[in-house]
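You will see chain A twice below: alongside chain B first, and alongside chain C after that.
Here is the complex of A and B:
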């Protein structure tokens, strides 16, 4: 084969300074930032077309979503949550906190070559366990109670996802199928737990299909806003720390080396002496730990209790898929993906005027954009091609 | 044989960003001629043929067919004027029959809409008897051998009326027998007045089949010579641009202690079929033992068993006198087995990893690469840089993706990693597959050097020539058993016969 290779040195016309390998690496990196940006842009454009089709101005709609998400806070920064903008921002960041963690749950498995669709179920398991530990062990000191509840929730998520990893390693069951099934099991377990006669059902009022509130000693401290009005709790910093841990695990530990090797090429990993099966189970468990942690800090941070009717409404686990895909399964990308979807999730669901956007459409716009992004990320080859042909056109114009 | 060329390429220039793949290349082919296009990987052979086949557009230059200038926008244009190409990687649909694949895109029909299957099969059968291309038109493509699939590709081109046939490295995927059969087919096509363009980087086969030989180097045409008078040394010099040592220069082996002993080994393949059936042999320090055999006679399973990548059914493998039970890849690495795998892209390298990370593939968890699970990327890079220098890896630094390197340099990365671990036993499986003359020369020299350092080297190769020139002892395997053992002075015919199972009874 005589594909152009870096060992063939003759250079055309003017020197091509950095060399082919370096330029390829650069394009690879550039593609890493540009593709997700283009993906999001196109998704928003199409979303805008839909808004326009309902007879509204998409620019105004997006402006109001932007403001509704509290992102206009950066123009008038203040910490007082009496104003709308800072309050909205705390709510957006609450969503972002959850999405960072459910995004990492997808991203970590992805780096080991697996598609964890089960973030939602792992999130629920973390949520249930945090509620149980948070309520039933009332009377503990605050700090140990919080730590215990969060650790238990994290382990719960890890075990739940670990089942899928184990099934894959042991009998080759595909993780997409098994995690979806585990989602359903988690959903129905929750419906039982909080429902009539369930183990975690409200003890004060057994007529309600709702759990007890977690004890005050298990609640996460709120650092911005009012504790009784869903203020922003320190779980936000836990999520940021999780981003750092994710990066360190992958790039600075032998565990991460194994995960990446198995993810890129399991045959080569096995040849290198790495146990592929062990890594499948372990990566899945770590993945689930992130989602379980998300459930835990949501419960202890602002939900405090959960009801049967809340279960089918929650979709943070699935949004995590879009977050991770948009963020190209990296730590920094996941942060931005989570911010984007956190803002959309809150910005489209409250305070929008019906003369700016159809209220029915508003709530669903997030999910439309989510769907478009998942679709486009799968088609990033197309987007790269568009990007490259643009460059080619420019080069042709330059040489003419 | 008409002397006027049917096809001429003149002054073809094609530049890709950063390199000129073809620089004012002239090439022509006559009717009833086999014209070989010879060059190292990356010399511009495939680019030139892709231009001829309408897949690329030349920046400059002209293509003339029977004296008239033509220009192709797509492969369809080239096919229409009678140019056919058989790519290295076949473009067949596995679930369809041979006949269906051949007529695809130009199907004979009944009542204008129904596929005339019988007509298609009859036409295919006719073509295949005409040129001696034996293949069953009704068989599914996924059920026939690679050699037969190649025939299907050739038939496909002939069915579309190809007068000029481009074969892109056709022997790369074939066993020696299949290659011999291919050459017979080429001869019959030639006798029928077809023109064949034969792309290759193997000197031996070019000298065997070609009438004329054009050598490309770094995108430029070096020379076009008739086969008469050309030698492998002269062609190698033209290809590489310097004198190349084609014969391996080595002294007599001084074997020491037994470092690898395989005793009554039995191994099954993935489908549960016993592929290694009671093999026993040993390799001593300072000797190269070559295993010759036709592909699929248990070589892959043998290598996998010795390296801990496949379960042993019965028998033992011992390294330096230590028998290993329940071997894993890890335990075999730790006990001192180095392994150059037969498929460097599937198994030998993580192509998305950097060179430095690939070099650490066995030792990423040990000091100095890591401590208590903490990885030190800077140390990986440092070590990578040292080995890149020592093993003359070109095309990038320690942080370059391995997938961005040429085949020869990828193999150098693998060899660097395996040798730098200072193994007692080195398994070299197809170490030069797909490499060009320069890289082969380097690897052969390296293996002989490592022998001199007292390693026990087990060489498994499908290239008989490679086995013959490197090995101190040659074992011939057939259907998972050793059917012959020879010193280095055995003839190729003798081994060839045993490889086909000819003397099995005599040994048993």
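Here is the complex of A and C:
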């Protein structure tokens, strides 16, 4: 890990290898929207090869996943709500809501040149706090209760990530290591909180390692679908608003300017009078705030309670990495990335009704595609090479 | 105190060694109250703890702040745990602190040692490997498949290493040749491994139908020793892989610090340009180190499934052990022996976590989280700062 310790003098006379943000900028210029599309395409192709090699029809499998995600609703939107398609679509959008926010968390830190791999932990902290505030303050009016719980969850995520930002700014501890450790600490904190004798364990049945339900006053209103069947809640609009806030914050404020400057080149930023340390902490805290918000609205929107056994299953924080990388760490890109993975997440598991591929296989196919996307997105060179050779071929074809 | 009498006068008054002795005494303060010594009076633990803290204060006043504060913390924690132990029932103590706790510690530390040492090779050569978890998981699954299909645990281990090595090779290609961001690449490896193992586990075994009684890595029963009172249960029946992990640590120490190969690996991790200048093929050394880390991580995974797991695989069965291994490597300051001690400490922590529910689930959880908290403290530089290789994580471009 490349954390510069305060004692090592900066190497003079040698150009530093391009930083993460600089390389991303390169890719912005070079690829536009094509590179992410190409990346996703290659990942789906390789996934399809695996599916075919194990004796399933990949085209039919992808069609069933598409339908499982409820995206076939687009072709016949007038079907009644009893049908599977609208229900599946609400579930896909529920996942999308979470992934937008965990994606933004990763993206924001990236724009400051940091890799926040701790979205999962920050998400959990938001989840715990929302459950605590949502249950313990029962009897409040709905609006202040919801606002209070969501704010608390957001702040919780911000503090959790802020620890990593502070450690990086204060002693140069690499944020990847500290956020990984904070992830696992958050996981075990949750195991304690909801577990036997934990602070947030339910009061009704002490034998169950599950939390209390949040009070009705803290639940987010559902605007599409059945409230008792995990309908789509207004957190979806909070996530969309977060996308706008993310864009404004980064592109139209001094804070965003400083954060991006530090991301491009910390030395140049410092030379220009920007406090690098302050921005590292700030960017990390804002990044964590997005993830904490995700946990908060998940808890108040449709989970309502959480158990010890739910903790190791959740991977939305990690999926946020793939979402942000695929979305090139921009607001619009993150929206589409979240939509893709939201659809994959639900369409390959609970939504999938297929005689071609089992949900267990398809669910793991999602992980494979996610891994492949992250792998190829990380290797901008390979995608650029393919893209450039394509252009070269076209030029050659044009001149011939 | 008698073990200090034989030391020379300079050594005796060196604040650093005094501080280190203080840390050990803090551990002793706690150790006195548990079986086999099991002093039931708090006098002994408090006395030893005070001495430990005093050593710490002395070291701090002589400028050795980190070691000194460490000794003070060790003394206080030792006394705290010691008092807790004297308060709890003798039978409970005997349940937790049987001699086989030592064996249990080795069981939990072995996968950490394999993956941690593997990670050390990779990072010493300048390639960050947070994909250890994934390579371990691949090893765990393909070991089961291999042992099932070839009918022998040796085949299982071989196929596990093949899978881990192959994934490491792919990762190395992306990290070294394509100069992909290594954290992103490692994350991808972890995702891929979850997907691949989960997919093929269902495809090949329908998620649970691993035939029972597949060949597993044998235990080593040491004649005579296995019947001894303390050492018998502690080291008499350890798995072959546990002994191999000890050997691996010793060999790695020699390789890294005493051989030209180790010097080359370290050179590539500290200053690849200089290494290149003197004719070392940086790419080749890095490829070798990363693939080696994949092989070793897969061995750790194979131990989980066909060693101590008895031939069973479950989805995502590594459950973060790769990350604890990474933590052990960092806590051990990117050194073989340091990694070994850290892995033992973390293994003991996990072993205790599995036994402490006789007292309370909370205490057990506390010991589960201990490795991560300790590593966080270590990277924060509160007690003894960890220093990674200078070029760790930086892609190298040949000129």
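Keep in mind that, in the parts below, the second predicted complex is superposed on the first by the 359 of 400 C-alpha atoms of A that agree within 3 Å, B and C clash if a C-alpha of one lies under 4 Å from a C-alpha of the other, contacts with A are read in each partner's own complex, and residues count from 1 in each chain.
Definition applied: a residue touches a chain if its C-beta (ideal position, glycine included) is under 8 Å from a C-beta of that chain, and two chains touch if they have at least 3 such contacts.
Everything numeric in this text was worked out from a predicted model, so none of it was measured.
Once the two complexes are overlaid on the shared chain, A:245 sits clear of chain B and of chain C alike. Of the two partner chains placed by superposition, only chain B is touched by A:273; chain C is not.
When both complexes are overlaid on chain A, the residue A:138 reaches neither chain B nor chain C.
Of the two partner chains placed around the shared chain by superposition, chain B is the only one that A:254 touches, whereas chain C remains out of contact. By the document's definition of touching, of the two partners only chain C reaches A:358; chain B does not. In the superposed model, more residues of chain A are touched by C than by the other of chain B and chain C. Of the two partner chains, neither chain B nor chain C is touched by A:42. Shared-chain residue A:60: touches no atom of chain B or chain C.
Once the two complexes are laid over each other on the shared chain, residue contacts for A:159 go to neither chain B nor chain C.
Note: residues 1-3, 5, 8, 20, 23 of chain A belong to the chain B contact set and to the chain C contact set alike, using the contact criterion stated above. By the touch criterion given at the top, residues 15-21, 23, 39, 41-48, 88, 168-169, 216, 218-219, 307, 309, 328-330, 333, 339, 341, 346-353, 357, 360-362, 364-365, 370, 373-375, 377, 394-396, 400-401, 404-406, 409 of chain B touch chain A in their complex.
Touching chain B in their complex are the following residues of chain A: 1-12, 16, 19-21, 23-25, 251-258, 260-261, 264-265, 267-273, 275. On the side of chain C, the complex with chain A involves touching residues 128, 130, 174, 178-181, 183-185, 187-200, 202-203, 207, 273, 316, 319-320, 323, 326-327, 330, 360-362, 365-366, 368-369, 372-373, 375-376, 379-381, 385, 387-388, 390-395, 397.
Interface residues of chain A facing chain C in the complex, by the touch rule stated above, are 1-3, 5, 8, 14, 17, 20, 23, 50, 54, 115, 117, 167, 170-171, 173-174, 176-178, 180-182, 184-185, 187-189, 191-192, 195-198, 312, 318, 321-322, 325, 358, 360-361, 363-375, 377-382.
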